Amino acid sequence: MSNQEKPAGYDAAFTELKSILDALQQDEIGVDALAEKVKRAADLIAFCGERLRTAEGEVQKVLDELGEGD
Amino acid sequence: MSNQEKPAGYDAAFTELKSILDALQQDEIGVDALAEKVKRAADLIAFCGERLRTAEGEVQKVLDELGEGD
Amino acid sequence: MSNQEKPAGYDAAFTELKSILDALQQDEIGVDALAEKVKRAADLIAFCGERLRTAEGEVQKVLDELGEGD
Amino acid sequence: MSNQEKPAGYDAAFTELKSILDALQQDEIGVDALAEKVKRAADLIAFCGERLRTAEGEVQKVLDELGEGD
Amino acid sequence: MSNQEKPAGYDAAFTELKSILDALQQDEIGVDALAEKVKRAADLIAFCGERLRTAEGEVQKVLDELGEGD
Amino acid sequence: MSNQEKPAGYDAAFTELKSILDALQQDEIGVDALAEKVKRAADLIAFCGERLRTAEGEVQKVLDELGEGD
Amino acid sequence: MTSSSSIPSSAGNPGTERKVYPLSKVTAAVSAMLKEQVGSKLFWVRAEISQCGFKNGHAYLDLVEEQEGKRMAQLKGTIWSSQVAVIRKALGNEFDEVLKPGREIVFSAHMAFHAVWGFSLNIQHIDLDILLGEMERRRKATLEALSKEGAIGRNGRLELAIVPQRLILIGSKGTAGFTDFLAHLKSNVWGYGMDIGVVDVPVQGAQAPGALVSALHRAGRVALRTAVDAVVVLRGGGAKLDLDVFNDLTLCRTIAAMDIPVLVGVGHETDQTLVDVVAHTACKTPTAVADFVIERMSEFEGAVGREGRAIAAEAKSQLSENRGFIAQSSTFIRERPLAMVRGQRGLLFTGANAVVRRTRTLLSEQQNLMGRIRTAVNAAATGIQLTRRTALEELQRQLSREAQRQLRQQEERMGNLKGTLALLGPEPTLKRGFSITRKQGQAVRRAADLRPGDVIVTQLADGEVQSTVDALQTNETDT
């Protein structure tokens, strides 16, 4: 996996994030890579957050519309 | 089944809707697909609602008929 | 039985109406068929109502004539 | 027996009338046939009434002959 | 016995009347036959009544024809 | 490994440091080399400390940014 | 009487010398002869009266004797007025009936001859008893004969027409009985018409039986040509003597032999005549015969009426039953079909309502279901989002935690390493008093490596001391 690439989607991002975190928890990441990994994780979190917000917005919009249809 | 297609009918729509709901409730749907699925569900619900209204209209016709026949 | 055909007469229509009602009560009809069935029922009810009015009118006419003949 | 024919006589008319009334009583006549049957019954009643009047006239003739013109 | 024929005489007329009454009392005849029988009875009664009041002069005629010398 | 070279990174430095300390603890190093080794170790420690601080700073920055993004 | 007939025959005798007498001589001779031969002697004579007239109280009769219609003798008879009174007294009521044409009488008489009026019988008494006695005797004999012949009851066994309307009336026109009979029939209150043929015959006198028989035969012939219900033989009231006609054997035989019922009305009060015995029906008077006939007709009409009324009643009752049924049918047909239509309308209404209710229920269920699904989708979507957000936040926290932990751990390790290094370096040893001795910068590990005089630098904890080696001493064990 190319860490620097934009993730394919939330799920891919989340999976990557989880693997980063696992690696962190397993102490598999050295200090040299740490900052970079954390950065990547932060990017992924931001990406996921963004995606969540977008999805929420869309869902809310759909639900709002659906609600109006009553 | 192609999600984007107009459903064959209420029953087909209902079945699809139920499978979406199940998937949602089973957490089988990722965030990426969520909005789309919800949108589809909303469309299906709207479709079903429309169908129900049509049926209701027919019922009203029966009632009108009954009213006249008195 | 072809639902869309004009019923042969009151009795046929009433029988069909009853079978629709039975099917409705047996929960044998999906919503897709429901609208159609209800529409058919409405048509049948209208047809039967009309036939009853006609029959009543004719019977009344005959009875009026009979009354005169007494 | 052809319903539309003039009955052969009172007895034939009576029998036919009785069968129509029985059928009516047994609810064997549907709405479709009702007016026609009632018409036939009315005709038969009129016919029988007429025949009875004729017969009563004959009886009266007997009494008249006997000088009992009551 | 042919009902429509003029009765042969008082005896035949009376016998026929009696047989008509018997038939009526046996309830064996419908209204059609009843009317006919009663009509016949009226005719028979009329026949008797008329004949009883008719002086034919036939006997004297024959007497005259035969002459005294015979 | 060239002891005198600047270490490739924290992890390399840490490894060298560890090996120096191991060697020291195994009494494998003579007094003559000792000072040098100790010096090298001290240099490595300094390097690592520096690197840690840098990483810390970077991580904190990333996390701070992430925290703000919430 | 044979002597009187000899006069014309002798007078007509040819070849005799003609002597002519005046008529008076003849009458005088006849008168003298009669007087001499008969005188005033009374004779009993039987004769029939053919003519009877009264003049100045005297009765003048023409007397005849006939046999089988042939006149055998004829004489004048006179009853002088004085004798008329006597006879009238003797006969009483019968007088007028006896002295009339057709009557056979037995009387006592003188023979009388008058020059102008001629021969006559001067009647003194009329003896009815002789006639009646003879009559009775003959009647008995005849009855016996008839009885033997089986004539009695024969005609009576014939069946009389139920309506005896066609009659042959045998009687004497103009007699009271005849007229009464016809008048009675005609004036019947029912208005019955009769078909009567009349045969006019004398019903008294010697020729009466023959005439009656002949009339009956005629009636029989008529009956061959046309229907005849009965023959009526009539005789009005009259003298007992006249009844003898109706005891005539031939007449009775004829009546008995008739194929038509014979009704008789021979007026009499007590005794039956033999005609009454042999006839089908005997009535006392012609009027009674008329009553009999009319009554029979009226009875018949009454019977017809009873039949008719019974027929009418029976028919009425049956018709009334049928009328009732037709009325019921009419009521039924007025009510039932409309009730049926109303019933059907009710059923249709109920059915339609059921369709509506059921459909509404179904639709409402579906709508509720849709609502629930929408809520569930909403909840699930929201839940998913929340879960994801929570997870993400958790990850973020873990990331922060782990990163910092990592850094802290490294720092700690670094610190430890630093400590270890400090312990492992020479300084702690030097501080405890150990020192490092170097010669030309090289640490001296063995004493043997030194030579006295070597300049050595001794490193102490807090500095270095430069010295020169004075002496050496080695430890053997160390090698």
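Order of writing sets the chain letters: A, B, C, D, E, F and G. Residues in each chain are counted from 1.
The working rule: a contact is a pair of C-beta atoms (placed from the backbone, for glycine too) under 8 Å apart; a residue touches a chain by one contact, two chains touch by 3 or more.
Model, not experiment: these values are computed from the prediction.
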Given subunit B and subunit D, the chains that contact each of them: C, G
Report which of E-G and C-G is connected by more C-beta pairs in contact. E-G
If you average the Cα atoms of each chain, whose average lands nearest the overall Cα average? D
Chain of greatest Cα-centre distance to subunit F: E
When the C-alpha atoms of subunit A and subunit F are each averaged to a single point, how far apart are the two points in Å? 33
List the centre-to-centre spacing of subunit B and subunit E in whole Å, with centres computed as mean CA coordinates. 95
Cα centroid separation, subunit B vs subunit G, in Å, comes to 79
Two or more other chains are touched by the subunit D residues 10, 14, 31, 34, 38, 42, 45, 48-49, 52, 55, 58-59, 62, 65-66
Tell me, which residues of subunit G touch at least two other chains? 305, 308, 311-312, 315, 319, 322, 330, 333, 337, 341, 344-345, 348, 352, 355, 359, 363, 366, 374, 377, 381, 385, 388, 396, 399, 403, 407, 410
Please list each pair of chains that are touching. A-B, A-F, A-G, B-C, B-G, C-D, C-G, D-E, D-G, E-G, F-G
So in the complex, the part of subunit G that touches subunit E is made up of which residues? 161-163, 165-168, 190-199, 218, 221-222, 225-226, 228, 297, 300-301, 303-305, 307-308, 310-312, 314-315, 318-319, 322
Within the complex, which stretch of subunit A touches subunit F? 30-32, 34-35, 38-39, 42, 45-46, 49
Subunit A to subunit B touching residues, read off their complex: 9-11, 14, 48, 51-52, 54-55, 58-59, 62-63, 65-66, 69
Which residues of subunit A touch subunit G in the complex? 10, 14, 17-18, 20-21, 24-25, 27, 29, 31, 34, 38, 41-42, 45, 48-49, 52, 55-56, 59, 63, 66
Touching residues (chain side subunit G, partner subunit C) in the complex: 330, 333-334, 337-338, 341, 344-345, 347-348, 351-352, 354-355, 358-359, 362-363, 366
